[in-house]
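Note that the chains take the letters A, B, C and D in the order they are written out, and that residue 1 is the start of every chain.
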Amino acid sequence: MDTELICLDDYERQALSTLDTRYGDFFAAGADDEQTLQDNRADFKKLRFRPRMMRNVADVSLSTTILGNLISLPVGIAPTSRHKLVHHLGEEATARAAKSMGTCFCLSTYATTKAAEVAGLSGDATQWFQLYIFKDVQMAQRQIQKAKKHGFKAVVVTVDLPVVGNRRKVNGTRKANSAIDGFELPPHLRHEIIEELLGRDNSVTSKPCSHLTWKDLAMIVSASPLPVIAKGILTEEDAEQAIKAGCSAVYVSNHGGRQLDGVYSSISALPEVVKAVGGRVEVYMDGGIRTGTDVLKALALGARAVFIGRPAIYGLAVGGEKGVRRVITILRDELKLAMQLSGITDVNDIPRSLVQHESLIPRL
Amino acid sequence: MDTELICLDDYERQALSTLDTRYGDFFAAGADDEQTLQDNRADFKKLRFRPRMMRNVADVSLSTTILGNLISLPVGIAPTSRHKLVHHLGEEATARAAKSMGTCFCLSTYATTKAAEVAGLSGDATQWFQLYIFKDVQMAQRQIQKAKKHGFKAVVVTVDLPVVGNRRKVNGTRKANSAIDGFELPPHLRHEIIEELLGRDNSVTSKPCSHLTWKDLAMIVSASPLPVIAKGILTEEDAEQAIKAGCSAVYVSNHGGRQLDGVYSSISALPEVVKAVGGRVEVYMDGGIRTGTDVLKALALGARAVFIGRPAIYGLAVGGEKGVRRVITILRDELKLAMQLSGITDVNDIPRSLVQHESLIPRL
Amino acid sequence: MDTELICLDDYERQALSTLDTRYGDFFAAGADDEQTLQDNRADFKKLRFRPRMMRNVADVSLSTTILGNLISLPVGIAPTSRHKLVHHLGEEATARAAKSMGTCFCLSTYATTKAAEVAGLSGDATQWFQLYIFKDVQMAQRQIQKAKKHGFKAVVVTVDLPVVGNRRKVNGTRKANSAIDGFELPPHLRHEIIEELLGRDNSVTSKPCSHLTWKDLAMIVSASPLPVIAKGILTEEDAEQAIKAGCSAVYVSNHGGRQLDGVYSSISALPEVVKAVGGRVEVYMDGGIRTGTDVLKALALGARAVFIGRPAIYGLAVGGEKGVRRVITILRDELKLAMQLSGITDVNDIPRSLVQHESLIPRL
Amino acid sequence: MDTELICLDDYERQALSTLDTRYGDFFAAGADDEQTLQDNRADFKKLRFRPRMMRNVADVSLSTTILGNLISLPVGIAPTSRHKLVHHLGEEATARAAKSMGTCFCLSTYATTKAAEVAGLSGDATQWFQLYIFKDVQMAQRQIQKAKKHGFKAVVVTVDLPVVGNRRKVNGTRKANSAIDGFELPPHLRHEIIEELLGRDNSVTSKPCSHLTWKDLAMIVSASPLPVIAKGILTEEDAEQAIKAGCSAVYVSNHGGRQLDGVYSSISALPEVVKAVGGRVEVYMDGGIRTGTDVLKALALGARAVFIGRPAIYGLAVGGEKGVRRVITILRDELKLAMQLSGITDVNDIPRSLVQHESLIPRL
């Protein structure tokens, strides 16, 4: 069966048709009317390629570095929570897949696997640790120290969740408030990282930390032994703030359309952010990536790498570690093909002119 | 059951599936092809947020003033007729809900409840009285005197109904011309305010007062002991006229898409009106508000407060006073959430840059 | 039943559901993919009203003149062929309806009724005669002389049919080439005007006269005892040519989307033509008019009057003369209402600023 | 039955409803999400005609020259592979149809018929030979020499297939890699030209030649006894490169939407390429042509001739040589009609002002 899944949409359909609806809905949901969820994908379709021919594309290089670490393709695994909801090996399987494919895995604070178990298989893999700042700056700093010891290469601080967005699909079935987003784990699963950090008392995590400012982040960055990435940036103003706070990279994201409905799609926000950053730090993005052409468009607009959230979950649901590998492989092959067909040989050398917004095609 | 209704669209579906079709159609109808009815909602979706992160949104203030009266959130109840068609307690229930939520209720001239009954529960609640000018200026002035005595805080003069729009859904089932819009009440209901004013002879109300000019309104305003709000403004020219006539506020509205089909949606007209008004008076709007993000968009474009018409009716239909409260509560919670997610802490301090029209997103 | 038909779309549905499919298809068809057929209607929806309030609209004047002849409303009956296909009284019934409503009827060369029978009921009615130029200029001039004697007030020369457009719906069922457009009349009907002109030998009419130039039209105009209107103009260049040829009016039309598929919709072409004409002659239009707001939009863009084709046929099909009257009445009432709701009191005094294209609404 | 097929869409429906799904899918497929496949057609609909009237269109000339060879209409047969999949006479039937209609047939390298059999019927017909450059420049040069001997008038070098696009419909059913695009022929068919060139060892063709550059093409052109056309150009940059390489013509194409999904539609790319070429060489295009109005639009934007791919295949599938003739005849008649209806008498004299993009229609 698996061999007949030839694109990421196939994995989505397959996963959502087999997953328990509560869990499928949890991952699939966007906020409110899900306009941003849809925009994230639809806005990629508004960009058109201007492909170049006859440029010797026999050898194509997909590898790049993110914060100095080599990855074999510019597509990493975005932080997403609770992988064990879809596969019993959870985050460990996803991380193994990323490692074997030579790319970055970002572990979520809401993982259902201990950080040590994920980090244990790391070797020299590029693993990042996603951090929600609970309670105060000090606790965040302790977390970063632990992440450093585990071997994580960077910390991804999510800045777009002062409170949790309103995901109607999830809320319609929610029974209790066991965690920050009101999603109750089945009894055999644990928020392993949160419990290690805070114990089973959820009184802290159930109160999102909404008082944070860029000053807090600047304090965290200044004391951090790891580079810090600000995830959830959608405007030039906030890109500037993140750089001022000392962040090593800016990560354009709208949390998969799960926070504020009606914000810019990620790919729409990317040009503004890239321009504001002006090459001072690296820029990443997630949101809506489903094909190799999507990856190529984001890179052409200035992203150094992109990340996939739901597609990795759906790959995991369908086939565990192998499924995630297959999802990454499809994107890799599609990206390589798209590069060859547009005359690009190196992901680090993509001209902006490769892509044009449909509204700007010259009509003459 | 009620607890499963988690957004205003749920209330609409629930109300329209249970109401007598004649009454459901009466409230749901727009004019002609219902283009404006649809535009009122669709045009909100064309506005995108540019949310700001890490701005300490732990404390968010939703309260504001309208014409000097404090309201707990910038969402009031628009004047709509005949609440008893959907719930036996009618306008009284709606007004109680508004009062208990700390916001403004605007009573329609076509209420099916006596003004005294609504006003009787007012205390210091912010209640407004909507006025159609029948026959002549003198009768309007007498009406305003009565409204003043009842404790209403302002008079909302509807300026966009010189004649009644053509609502096909309603006209298709209409049997008689018992009132200005040809809608016949069931025998156990009365147009209480109109009967108090004019008796049961409908010869006056059945002839809409189409000869009015801004001079008439200026006369009414100059003699009014209450501030006057001009409701139904869609252009800069009329905003200027309303201010010249002495109005204390301009209320952007297209009568819920029930008058002239094909006019600007309310949210499309808002920027032009706000610019023309230039801060000289307050600007309100109704039309298409269904989510907290809609409210936030209207505020970002310069509305001081917004009003809901059909959603309140649907809340009333589903659950009486409690249903209306629930509808307001949903909007309040959604607005608060949207503010937090976009880095806004005070409804009185929303930058215009929070919102961008989709056609103006920079493509670079 | 008839009384439940409250808009022109109702008449279309009713007519097409009862007419013989061959005849329904004949009238409903557009050319090729029917893009222009659809654009003619859809492009009206892209225009939005900027209505003005409080302007004393108690008295509204719908009457105007076309080429000096008074009509009671600026909506005439466009020339369409073969009315007897849908009603046994054919063009006579349509003409009677137009006369009784005080507006213009334009008789088609492809009428199934003798010109004398239509003209006989004319009195001082404003009747026009539509002319296809067959064979040569002399025959056209003889036709105009006859039209003059019958009492027609003007001649409408169709300039957009050098050959007949490709209407797939019609062609799919066509059996023979009995006339210019290959449509075969049932045996009991006659192209009365053509037979009077040419006899039953269709060798002339079956060869469309495709060699005509503006010089030919200039010759016709110079010898014509009646004012000549050029129907089928879509560009500024041709508007200029028509004026140079001496035409008394320019009639914007794409032949109901039945000629070249993909041309400008009539309402899209109107601004360009009106600007080019610059008030030197009157401008009319047809194509897509289905509501009073459509009429008002066309007038605001500079048309002096509009014409309806299919709607009159559908009215005729549903209810004969009475049906046509009802269709005109609906448009008249809708137009009056739209004028009142937008603050307009005279069809001859409509500001261009009443209407804005959706792409030009200021977003600020 | 055949006589009821009155437009190219009818042929497509008929062909796809009767062909073996594997073969129907092979021809119908576009790459990935098939956005470009759809854009190729949809973008024609965004162009509107500004037709001119009364210009004596009795005589219309459709004939033109391509590279000095006369063709009776500016519509040729694009190179497509494997005609015997849909009809047992394959490319020979298609070529005969093109010849009898007086237009150009372009034979694909992936033909299932020997070049000699097609060329044998040529006489003075305008036949072109499409070339994929396998392995190296020398083999290409030998191929061109053979093509010259066969009587082909020009060589069409496909430059947009350094690797094969990802056509999901085809890949979903693919069993083996028998050729460059992984499509396995049924046992009774042969890639005759490839076998003649390379023998049955597909080791060469199964490795697409992705290392080619414009220098290679320049070498091929400089040694070619036939004019060389570069097919697959979508940008001004590549148009310039093709001219620098010595090509005699530039052929705008995205390979029927089968290579990189998301590129400019052919008709969208045409204005940019035509402007860049500036009349130095001829410009052709294919992609999305389904009606005579499509042809006319492409010509108005500057194409000297257009080519049809799938429509010829569908005609062949439905009716062999006769079916292809019928498809060309329909386009010819539609083109002639469109020219007459827009006041054009010669395909070599079409003003750019005939066509306007919908976004540029003046709104005034």
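Here, contacts are C-beta pairs under 8 Å (C-beta built on N, C-alpha and C of every residue); 3 or more make two chains touch, one makes a residue touch a chain.
The model shown is predicted, which means the values in this text are computed figures rather than measured ones.
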item: Touch-network distance, chain A to chain C, counted in steps; value: 2
item: Equivalent-chain rotation between chain B and chain A, CA atoms, steps of 5 degrees; value: 90
item: Fraction-based call for chain C against chain B, same above half, different below; value: different
item: Centroid spacing, where centroids are CA-atom means, of chain A and chain D in whole angstrom; value: 42
item: Gap in Å, rounded to a whole number, between the CA centres of chain D and chain B; value: 60
item: Chain pairs in mutual contact under the definition given at the outset; value: A-B, A-D, B-C, C-D
item: Chain C partner contacts - residues on chain B that touch it in the complex; value: 32-33, 35, 159-160, 162-163, 165-166, 168, 171-172, 210-214, 216-217, 230, 232-235, 237-238, 241, 259-264, 268, 271-272, 274-275, 357, 359-360
item: List of chain C residues in touch with chain B within their complex; value: 4, 6-7, 45, 47-58, 291, 293, 297, 334, 337-338, 340-342, 356, 359, 361-364
